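Next come two complexes, and both contain chain A; in the first it sits with chain B, in the second with chain C.
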Partner chain A sequence: MWITVKLFANFRENRFKEARRQYPPGATIADVAADLEIDPGLIGMIFIHGRAAELDRVLSEGDVLALFPLLGGG
Partner chain B sequence: MPKVIRVNMTDLTVRIDEAPAAWAGLGGRALTSTIVAAEVPPTCHPLGPNNKLVFGPGLLSGTAAGNAGRMSAGAKSPLTGTIKESNAGGTCGRMLGRLDIKAIIIEGQPAATDTWYNIRISNEGVVVEPETETVGLNNFAVLESVARRYGEDKGVITIGSAGENLMLISNISTRDPEGKLRSFGRGGLGAVMGSKRVKFITIDQEGTRPVPLVDSAAFKAANMVFTKALKDHPVSGQGLPTYGTAVLVNILHEIGGLPTRNFTSGQCEHHDKISGEHMYDTIVARGGEPTHGCSLGCVIQCSQVYNDKDGKYLTSGFEYETIWAYGADCLIDNLDLIAECDNVMDDLGVDSIETPVMFGVAMEAGLLKFGDGVEVLRMLREEIGKATPLGRILGGGTGHVGKTYGIARVPVVKNQAIPAYDPRSVKGIGVTYATTTQGADHTAGYAVATNVLNVGGKVDPLSNEGQVELSRNLQIATAAVDSTGLCLFIAFPALDIAECLPAVVDMLNARFGGKLTMDDVVGLGKTVLKIEHEFNLAAGIGPEQDRLPEFFELEAIAPHNVKWDMEQKELETFWNF
Partner chain C sequence: MGLLSRFSQGSSGELALLSNVELQRYSRHILLRDVGGPGQNKLKAARVLCVGAGGLGSPVIEYLAAAGVGTLGLVDDDTVSLSNLQRQVVHSTANVGKLKVESARERVAAINPHVNVELHPLRLNAQNVGELVKAYDIVVDGTDNFPTRFLVADTAYACCKPLVTAGVLEFYGSLTTLLPYETDAGGQLNPSWRCLMPREPETAALTCSEVGILGSVVGVLGTLAACEVLKLITAVGQPLIGRLLMVDIRDMGFDIVDYYRNPASPTFRQT
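Right after this comes the complex of A and B.
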């Protein structure tokens, strides 16, 4: 299945801003993080289609996944 | 003994008293709100002789505590009609701490409207003198004049032309360690200073000694724990120093909470061009500084120096809210133009939230086109800066422009512009906008942290459940932090690292020799909110004004197609504490 992955802040370093990537059915967000060599402990926010999701969430075809480190401001 | 300076602008007299014992445990917002509530008639006209402008350093100001460089300004706000506290970095809080000055209270009003004054405060006393040289000048020129006449090392509190012209969008500015400006931004406090005919105040710390500590070893130990927490937390230790607050642009876009085109969408197509990531790359490429502090002793360093394409200084302290408001709400897709707007706003002395949100409404009214940053710059300089009739309409702020042009979609609460987080898709911050004593203000109870950023737990941003309690707890904690002189961004580590807040309490005890507990600090926050709320009720600002504008209930926004749907009765439970 095809997933759109968006990366932000320092997750972009040596990776990409946005890419369409293929994963086997049943793949989870944790699998995507492992594939991209992102330490799950550094992930602060995960959104699928703009809604919060957890690492063990099983992805579906066409999902738009956004991964952020822990960030803040105001 | 700590001193209280009273400058009476009616008869130009100065009184220096010992601070009353009842104020001993108060600083910053707790102090300014206590004084305003006790001494300002709630029904007075904010620009009349009965209003008072109060400056208060925080309880830890002047000490070596990390991030303790904030100080508060308070008055009745001419924008909101409520009590107002606004705080800023810069150098003055630290200097007032060393001078052992608890508060500066500016009261009364000169009878003559054509004479301006400066106030100069030092270890020797206080001088009030007529001012001519800087009258009509904007803030950067005031800083130059003060540096030339009184020395480069003085703390400065000043108003630009907008404050002189009593505009509701005006702020009070203060010199930062590098001679640029920080702002007591919100609520039109520049107009209150202008109504007292005070152009600037200087602070001279010559001849002062370090702030005495009751237990300096304990203070040092607690400060080490505290600054370690600030450095260890990913938000205050890595994210903010690298990307600044503008890192929020992409986050809020992603979750559909980035108010766009005068609050008609939650996402902005050109978000990446105005993002913190893009800003960081631009700053580095042009030889600016991505990591920079607004005050001495700042550990977090969320500020930055942003240069133009020729590597020349364009602005500093370039914040998410400013970038959001011009970039998404006004659809200006050019960060250089937004930076220039930021610099001009600093110079004129206008609030960098109220002003661009006002422009969003002006764009909807057809006064200028969405996205037209060049025309925004012209209006800032030629209309607002010259106080033309149109400039005065714009200078009245978001609500004023909405009324003048018959616009129904006017994002204000208690007439103060709603900042950079759409309350329909981040419902916790909607509760804060509606209920805070200050008029719409995200900093009063930053529920975005827990709704979106996963700091301090998680509460679903699209559900109403738990939002009132979240906002209440954050507003209480914020009122306490605002009283210490500490930067509010210490809340990020404080919400997640158990040792952080107890270390603040330990520093307070080591400074003053008290036996404060965490409960006392929370109690202080509650007391501050209640004092402010009572002032507002007596000023005629009751529960019927603790609500969001109607359009949030009528118009769903993309991408989640959500409206504001919290019952008013539920909002009113906010005050059950």
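Right after this comes the complex of A and C.
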């Protein structure tokens, strides 16, 4: 199963901005975060095709996943 | 999209009148075809609540004051500390130890004596936030924590007030504008804050005091937030509704990410 992963802010550091990546059927967003060594506790917003999603969401072929860190400063 | 048509005559229902001195002060706005005298009158009639008088709040307060927004409400219970001054440009060294809202009022008075400043030196909570938000036309959120950000967003939604909200950390920032009680051109309700984040983070977010912040990053995001507020008041252009601006100053990248109403997202604070 191929999905597109988009990363933002410091999640891009030593990773990438956007990449097509292959995961086994049944993979979740949490699996992608683990694969990319992103601490789930640092994830703020998660979009699948522009709609908010949770870490336990099972991904589908062709999904566009966007991961944003918590930007909590003001 | 019929955005904020109530500002066509100001929130008071009557057009404010600009003095000759004000006409001169705001002449570069008035020259703008899309702003002009009517737009400047809308700015004078507007009441904007600035939640947070820190890094993001600094340029918001300064630019809205300079632009001639008639009334600025400032919410912050903190005092100015030396470590604030690297980025919180509304405050000065002489004001270390003062309430931030007092310090910011001094700066606003120095920039533009035509602006009325209302001080709210308090921490927002479920008991006080409603009355405060209801008293203003637009809310700008530059707070430094997610519990307050959720509280402000839910309340602005419940009170049908536009919300411009930004966040920053290290070299990065985000900005969006929320009018979730209005519909888009297709008749669909605009997304809410909870379409971005359905619930508060379980872990406390990293803060600027923990991982740092490049001082000018808050200047960029706060200035863009001020632009959104001025656009909303004057009904100029397209605000960032359903669009999340992500700013990467480290690599100087600006991305706009579309997002949509999520029917599954909780509407307001879950109890």
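In this text, the second predicted complex is superposed on the first by the 71 of 74 C-alpha atoms of A that agree within 3 Å, B and C clash if a C-alpha of one lies under 4 Å from a C-alpha of the other, contacts with A are read in each partner's own complex, and residues count from 1 in each chain.
Just so it is clear, a contact is a pair of C-beta atoms (placed from the backbone, for glycine too) under 8 Å apart; a residue touches a chain by one contact, two chains touch by 3 or more.
The model shown is predicted, which means the values in this text are computed figures rather than measured ones.
By the touch criterion defined above, A:69 lies against chain B and chain C together after alignment on the C-alpha atoms of chain A. Residue contacts after overlaying the shared chain place A:41 against chain C, while chain B stays out of touching range. Looking at the shared chain after the overlay, A:20 reaches neither chain B nor chain C.
In the superposed pair of complexes, A:54 makes contact with chain C only, with no contact to chain B. Annotation: chain A residues 6, 8-10, 12, 17, 42, 44-45, 47, 50-52, 66, 68-74 touch chain B in one complex and chain C in the other.
Chain C makes touch with chain A in their complex at residues 52, 54-57, 142-146, 166-174, 194-198, 201-208, 213, 218, 244, 246, 248, 250-251, 253, 255, 257-260, 262, 265. If you check the complex, the residues on chain B that touch chain A are 234-236, 238-240, 242-248, 250-251, 254-256, 272, 276-277, 302, 320, 442-443, 446, 448-449, 452-455, 458, 460-462, 488-489, 492, 559-560. Across the interface of their complex, chain C is touched by residues 6, 8-10, 12-13, 17, 41-42, 44-45, 47, 50-52, 54, 66, 68-74 of chain A. The part of chain A that touches chain B in the complex is made up of residues 6, 8-10, 12, 17, 42, 44-45, 47, 49-52, 66, 68-74.
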